[in-house]
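So, here come the structures, one by one.
Note that chain A is present in both complexes that follow, paired respectively with chain B and with chain C.
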Partner chain A sequence: MSWKLFWLLVEAARLTILLSVISVSIGFLLSSLVCAAVMSTHRSARIAGKLFVSFFRGTPLLVQLLLIYYLLPQIGLNVPSEVAAIVGMSLCTAAYQAEILRGGFSSVPRGLIEAANMCGFSKFAIFRRIRLPIAVQLTIPALISEAIMMLKSSSLVSVVGVVELSRMAQDLAASTYRPLELFAAAGLIYLIINLVVAGFGLQLEKRMQWGRT
Partner chain B sequence: MSAKPAIKVEKLVKRFGKTTVLEGIDLAVERGQVTCLIGPSGSGKSTLLRCIALLEEANEGFIEINGEPLGFASGPNGERVRLPSSETQKVRAHIGMVFQQFNLWPHMTALGNVTEALVTVRRMLRKDAEQRAMTQLSNVGLSDRAGHYPSELSGGQQQRVAIARALALDPDIMLFDEPTSSLDPELTGEVLAVMRDLAESGMTMLVVTHEIGFAASVGSKIVFLDQGKLIVEGKPEEVFGKPRHERIDQFLDTYLDRGAATLL
Partner chain C sequence: MTFDLDLIVLYLPDIVRALGVTILLWLAGSALGLLVGFLIAVARRYGPRWLDWALLAPVELIRGTPFLVQIFLLYYGGPFIGLSLDSITAGLLGLTIYGAAYYSELWRSGFVAIPKGHVEAAQCVGLNRTQTLRRIILPEMTMLLLPSMVNMTILMLKETAILSIISVPELTLAVSALGTKYYAFVEGFAILALVYWALVEACSALGRYAESRLSKYRFAVS
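Right after this comes the complex of A and B.
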């Protein structure tokens, strides 16, 4: 395979990374809101949060992407397909990340919160100083897995016309009649990106070991 | 004011759903004294302590701390009137609590655990807070462990850090809920020694414990709780000495080695 072809794949991989990083980050911010809603004391917020989670976890990302792609122009938003892709991916990963975070928060031992309570902490101080750091530590492995899942799922955005890594490999395979080489190269690129993400996750985990060896 | 007990509990009732766990408890803990709360498992000892700490809200009755109502005041017709939470927090600041499971914050070092509330709640400068925390840690014999995380400490050391954490906030009442029950037997001594020192320094203490030896030697008063009722109350020699209340006899037989009690 020529360097030129490989370079085209790398270019497309940059889009894959960009889409994934943006979506996972937006998704994380959204997920903390969704998680707060699901764990809220207000019934309507809880219901809204749960509906959001069940819809985006219960339907395929492919369907969500197509829905958003055709829905946005209907409500007067003519956006590039990259934006539609980011919206779809962000909403989907937000639902998963919200569930991960909720699990983390509910795994914070109650005694730790009671101890803070006895020391006079406000509710907000308990959240910021105790619950949040512990919940994040508990959920890092799961959040990294989710990021890797999203990176791989980003191949689905080709249905709305975004030419990312998988789609590029497909196009090039069709025009060069060398599918095996191209898909092997694409797979390799995905693998390398994900190894980097996983390595980053391990570093983060190590840094939050808090003495445990 | 000085005649008022440090803790006064009046007709306290606590239910969980349909089960009544505390059936009208009356109790006074005098200032500067060590009161030991004993009783069989499930008798409501922890629940009583948690109600006094306001980690649980009682369903009926009143609690006073240093003569000030905690959580609820008594209205003109004896009904319960909920107090504003700012007032409640002020009264609650007199109380420190030590838990069976230590409950140290795992993401902070020993020093961090003791410093945290001084900075976050009391708004002290970190430098001053750390200095105060170091004093507390050295009082429990742990100045050389200040930089260790809880996971790097033994159970006994963790519990001593937890005691230092509570004392750093300068409470005048300390509640202990079975502080040595999750420790290996060889580690209970170091924690009991710290508690003994604290008692000698004049701290008002209410201690739930199964350490009858400790209760008999350090306690000024023993309170025996059974099925949500306070059935015996008195000086250690009255409660453990013969003739004994039948339930205490059974309790000592079932739950403890009798040796400790016959030492009396």
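Right after this comes the complex of A and C.
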């Protein structure tokens, strides 16, 4: 396989990274809302949040992407396929991240919250100073694996016509008739990106050891 | 948006057949993946050091790359190294390899989590290695691993949808074909999502039931 082909794959990998970063970020913002809904005291908000999480975790991302890709034009939104891909990926990862966050918040030791209460912390201060930092610390490893999961899942947006890494590999494999090398190279690129993200995650975990004894 | 239910009724036999393929691939792939994953985990934990290192690379390769790329490599790249498989066989093999890598990591985490004291206690009361494995390690591990195993098995079901891309005649492909024929994508994929959702919820309900049945093996993790 020539360097030129490999370079085309690397170029396409930039879109893969971009899509994943955007989706995971939007997904994170969405997931905080969903998590707030799931943990809220309002029954209807809880039910809506749980349904959201259950649906997006309970159906294949491929099906979600296809559904959104065909649904958006039907409701009058003619958006490029990249946007449909980001919408699908964001919704899906939001459900997973919401579940991770919920787990984090419910693992914050009750004693700490009670102690802060005794010290006269306001509700907001408890959230800002106690619950949020500890929940973030507890959920970093899981959030990083979710980001890696999304990076891999981003290969599925090739079916709605976004030419990212795996679609580029498919197109090149079809035109050069060398699928073995091209898919192996694409896999290698995914692997390298994931290793970088995982390494970054370990660094982040080390940095976030506040309050640990 | 016209929602044409007659279409679904008309093609119900096709859809049911495709659902059968999905469920069959899912169950077979998960069962084989569990088995191969167990063998890998045992080999890595109890085998010689070099075997552990030799198995580390393929497991991490599988876990670090998208399933889609793996099946492309297998299905389109396979014939170049003399491995010409039809789509269903390639799909099943791909699912098995993919599942085995993930399941093996789960099994390994299970081996690590069993307290040494339990094994020593079993030896003290005169249980031999097989008895210890069968009576102590496996039941405790089953209890410990059940939630994550159920999760992984649910993931396997969702991954079967990806096999439609290499034209395995499973549910997603059948519904896509109907969509193309009648331009009824939205209703087709909506129903498709509901079917997967129902299967996933059924699977996790079954997992919760099994967990409650096996709760006598639960021990406090310190």
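The rule is simple: the second predicted complex is superposed on the first by the 210 of 213 C-alpha atoms of A that agree within 3 Å, B and C clash if a C-alpha of one lies under 4 Å from a C-alpha of the other, contacts with A are read in each partner's own complex, and residues count from 1 in each chain.
Keep this in mind: a residue touches a chain if its C-beta (ideal position, glycine included) is under 8 Å from a C-beta of that chain, and two chains touch if they have at least 3 such contacts.
Note that the structure is predicted; figures quoted are calculated from it, not measured.
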| item | value |
| --- | --- |
| Fit or clash - chain C, chain B, common chain A | fit |
| Partner chain in contact with A:G199 - chain B first, chain C second, else both or neither | neither |
| Which of chain B and chain C A:Y70 touches, first, second, both or neither | second |
| Partner chain in contact with A:L180 - chain B first, chain C second, else both or neither | second |
| Touched partner set for A:G161, first chain B, second chain C, both or neither | neither |
| Greater residue coverage of chain A in the superposed arrangement, chain B or chain C | C |
| Inter-centroid angle chain B-chain A-chain C after superposition on A [Cα, multiple of 10°] | 100 |
| Which of chain B and chain C A:I130 touches, first, second, both or neither | first |
| First (chain B), second (chain C), both or neither touched by A:P80 | neither |
| Smallest distance from any CA atom of chain C to any CA atom of chain B, in Å, after fitting | 16 |
| Of chain A, residues touching chain B in the complex | 109, 111-112, 114-122, 125, 129-130, 133-134, 137, 208, 210-212 |
| Complex contact set, residues of chain A against chain C | 54-55, 57-64, 66-67, 70-71, 74, 148, 152-156, 158-159, 166, 169-170, 173, 179-180, 183-184, 186-187, 190-191, 194-195 |
| Chain A-facing residues of chain C, complex | 1, 61, 64-70, 72-73, 76-77, 80-81, 154, 157-162, 164-165, 172, 176, 179, 185-186, 189-190, 192-193, 196-197, 200-201 |
| Sites on chain B touched by chain A in the complex | 53, 55, 89, 92-93, 95-97, 99, 101, 103-107, 116-117, 120-122, 148-152, 162, 165-166, 169 |
